[in-house]
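Worksheet for the structure shown next.
When the chains are written out, they are named A, B and C in that same order, and each has its own residue count from 1.
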Amino acid sequence: MQITGTFLDEISHDIPHQNWGRAEWDRDFASMKSIGIDTVILIRCGHRRFITYPSGYLMEREGCYRPSTDLVDLFLDLAEKYGMKFYFGLYDSGKYWHNHECEREMEISRAVADEVWSRYGERKAFGGWYLNFEVSRAFAGITELYAGMGQYVKQLSGNLPTMISPYIDGIKLAVPGEELYKEDSIGIAQHEKEWNEILKGIQGAVDIVAFQDGHCDYHELADYLRVNKKLTDRYGMTSWTNCESFDRDMPIHFLPIKWDKMLMKLEAAKAAGIEKAITFEFSHFMSPNSCYRAAGHLFDRYCEHFNLAGR
Amino acid sequence: MQITGTFLDEISHDIPHQNWGRAEWDRDFASMKSIGIDTVILIRCGHRRFITYPSGYLMEREGCYRPSTDLVDLFLDLAEKYGMKFYFGLYDSGKYWHNHECEREMEISRAVADEVWSRYGERKAFGGWYLNFEVSRAFAGITELYAGMGQYVKQLSGNLPTMISPYIDGIKLAVPGEELYKEDSIGIAQHEKEWNEILKGIQGAVDIVAFQDGHCDYHELADYLRVNKKLTDRYGMTSWTNCESFDRDMPIHFLPIKWDKMLMKLEAAKAAGIEKAITFEFSHFMSPNSCYRAAGHLFDRYCEHFNLAGR
Amino acid sequence: MQITGTFLDEISHDIPHQNWGRAEWDRDFASMKSIGIDTVILIRCGHRRFITYPSGYLMEREGCYRPSTDLVDLFLDLAEKYGMKFYFGLYDSGKYWHNHECEREMEISRAVADEVWSRYGERKAFGGWYLNFEVSRAFAGITELYAGMGQYVKQLSGNLPTMISPYIDGIKLAVPGEELYKEDSIGIAQHEKEWNEILKGIQGAVDIVAFQDGHCDYHELADYLRVNKKLTDRYGMTSWTNCESFDRDMPIHFLPIKWDKMLMKLEAAKAAGIEKAITFEFSHFMSPNSCYRAAGHLFDRYCEHFNLAGR
């Protein structure tokens, strides 16, 4: 089970920036390509006041800052150059939907989708949408948000695929500043119950469900993945795994994951019949170009294991 | 608005040490020079028991540890070699003035200033003093501390310039272990009121005020800078901006800032008519020689933007 | 007082993994050798579900994960190649002895020791045992645990030496998420009282006591080391110092220590007549091969100070 997709963590809200320009991004796309990555997913086009492309709408309505580079344009260029599909992540206000003002969030998201589609919709690499509202439970309004935005962007774009990447309410869903592990977790049965309801409610609007794989313990993962696969099969969706390449078990939040942990997670996904593995994310945590040297060694171990050429 | 000065973070109290020797420091001064840095400011000559030069006074009276290298001597050498002005940061006991024993703090500071001036005062690069008592509000005794020490070292050194670098009591003035952002901030009006009083009280003793620019939100910065400039103009002082090159928005405290954030802050300073930009600090956070690779990429982006030769 | 031993931090529970393979470990053993390291100590052979060698016992009884590499085998190979002694660290369940179920912990530890000795006991580099139960005080059951396991493995292995590495209940024994320093510390007298009792109780079972040197303040260390030396002399043991090469004073937990701090600690150990200095640990914190570049500079400063060839 090899990783064939990665998030692009722009705009980040908790991973320090590497300050790459076009040359550094080009080199990193080449590294991605070298291990078979064919899909890149912009995690979000904006968060609060920071945005990835000069959106007139967001600068005017939400007071967003003008970015020095149009990263959407850059990533589409590079995705085309390296023969990859690019998924566009929607805007996250960081406030409206978190405070249960989902209608306001959707109003902005629709306007951003319109703007983006008119600006970049004809680009060859534009291959899908990432609905970037990340939840672990039946958060009030989440079904309407996923369904509403999924339907909207599919209609807008001639039915391009839509993806979500929820997480599991597991023992590692820790509060900053507190212990790394919490006592209670959702448990398999409740996870299945809540996600059955959510997925039922977003049928037709969401094509791909890529659960984050880092919040439960390693030996618990296979069970969660089997449930996820069963549910997506039930509702005609595709199951990917979002194999996190950073380590949630360490006090520094976050540095590259230990290779053995990543391998166990990939094997659990393979056993569950998951269709595709993506990662959050290549450029910081498993790239030979990363500012973190342990990421380059993770890349080396990964290439050795799968008999890839490596760097 | 280019950065033409940097702090030297020795002795650090919260930034991990790079363990550089003379050769590494020499290389870094060359990098500073290459982008036009003409001023280096030793943030403090000592903090608690750690000191930068073998101060007989501090080792005897405060139980300070003998340093393996005389960094003041080294920095003066390099500042002279590269044609820079060196500002000397006073000693911080880490206790007396924090506990409102300002008289005790000043007694030590005066003795240290005497010792330093007699030892290094004739060095060509010795260009000013940094009064390293950093506050954000009208902390009891701060006016007396700034005024008393400013007058003392100016008289001692034939009126060499004195500098302070306060901070704004903004949303990012967070307590370690708690949330990154706090709800309340001082607000522009109260900031102006308190700093008007402080600056009025330290006229003649302090020449340069270089507020740290990282504690408020990016869109709030221009207003604070305009107030700072208005106040320093009123009292015949010079306004510099201390453009922080580390990122306060990330859970790892601290790694290099995102270039776009630094650029926004420099543009806000330019718009406010600020006379000079310095940074805290080049060697960890924007140097091609830094242990953090993202610092080198920040250097690259900075050089690209200002059409500098780069590395 | 040079460092001639290092822990190998596998399995780590709080230091992010470097993802090294055989080639990287070989290079690092060469670097160790170059500065005179003759002893490597596996900090633990397993922690919770992660283990360093494919232990049938631990995989079956404790649900441990099969490791992708047999690190015990690898480290024994490299220790032999570079002429070093290898100390084997026991398994830490992360729960039983912490919850005062010491009998259960010992049952597992004995089984692991049996398995390990039968598998690796004839390897030339196998030179001792590390009893990896780390405490600072007269924790209930610790004497029985040290004595019981020490006697067991000595008998098993023809009296190979056993080592422990306790810590001091000093001001830097901080709780994660709280302040770096705590108000209360054990104090010299109480430290001596408690450790006198413990060492008396483990005579004959433990040969080497290597206190960690990072939990008290630098100027307090010499006194603690003298007490430690006096107590080990009294009970016929050997005193080593575990000179920590990471910095406990910084908010990032953990990056390489400042050279001056390490030097002070080594000098305190020398003054106290400590027999040997080891470190936790070379590969992350003072190696030229470390993912942290400041570690390489620490190596450079160390080599300069002791007139070693360096890299």
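Note that a contact is a pair of C-beta atoms (placed from the backbone, for glycine too) under 8 Å apart; a residue touches a chain by one contact, two chains touch by 3 or more.
Note that this is a predicted model, so its numbers are computed, not measured.
Q: Edges wherever two chains touch, nodes for the chains themselves; is that graph a line, a ring, a star, complete, or other here?
A: Basically all the chains touch each other, so complete.
Q: Interface check for copies chain A and chain B. Shared numbers divided by all numbers used: above half gives same, below half gives different; which is it?
A: Different, since most residue numbers here occur in only one copy.
Q: Between chain A and chain B, what distance separates the C-alpha centroids? Give it in angstrom.
A: 39
Q: Touching two or more other chains, which residues of chain A qualify?
A: Residues 177, 252.
Q: Would you tell me which residues of chain A are touching chain B in their complex?
A: Residues in contact with chain B: 13-21, 24, 49-50, 63, 65, 67-68, 176-177, 252-253, 291.
Q: Sort out for me which residues of chain C touch chain B in the complex.
A: Checking each residue of chain C against chain B gives 177-179, 217-219, 247, 249-252, 255-260, 263-264, 292-294, 297-298, 300-301, 304-305.
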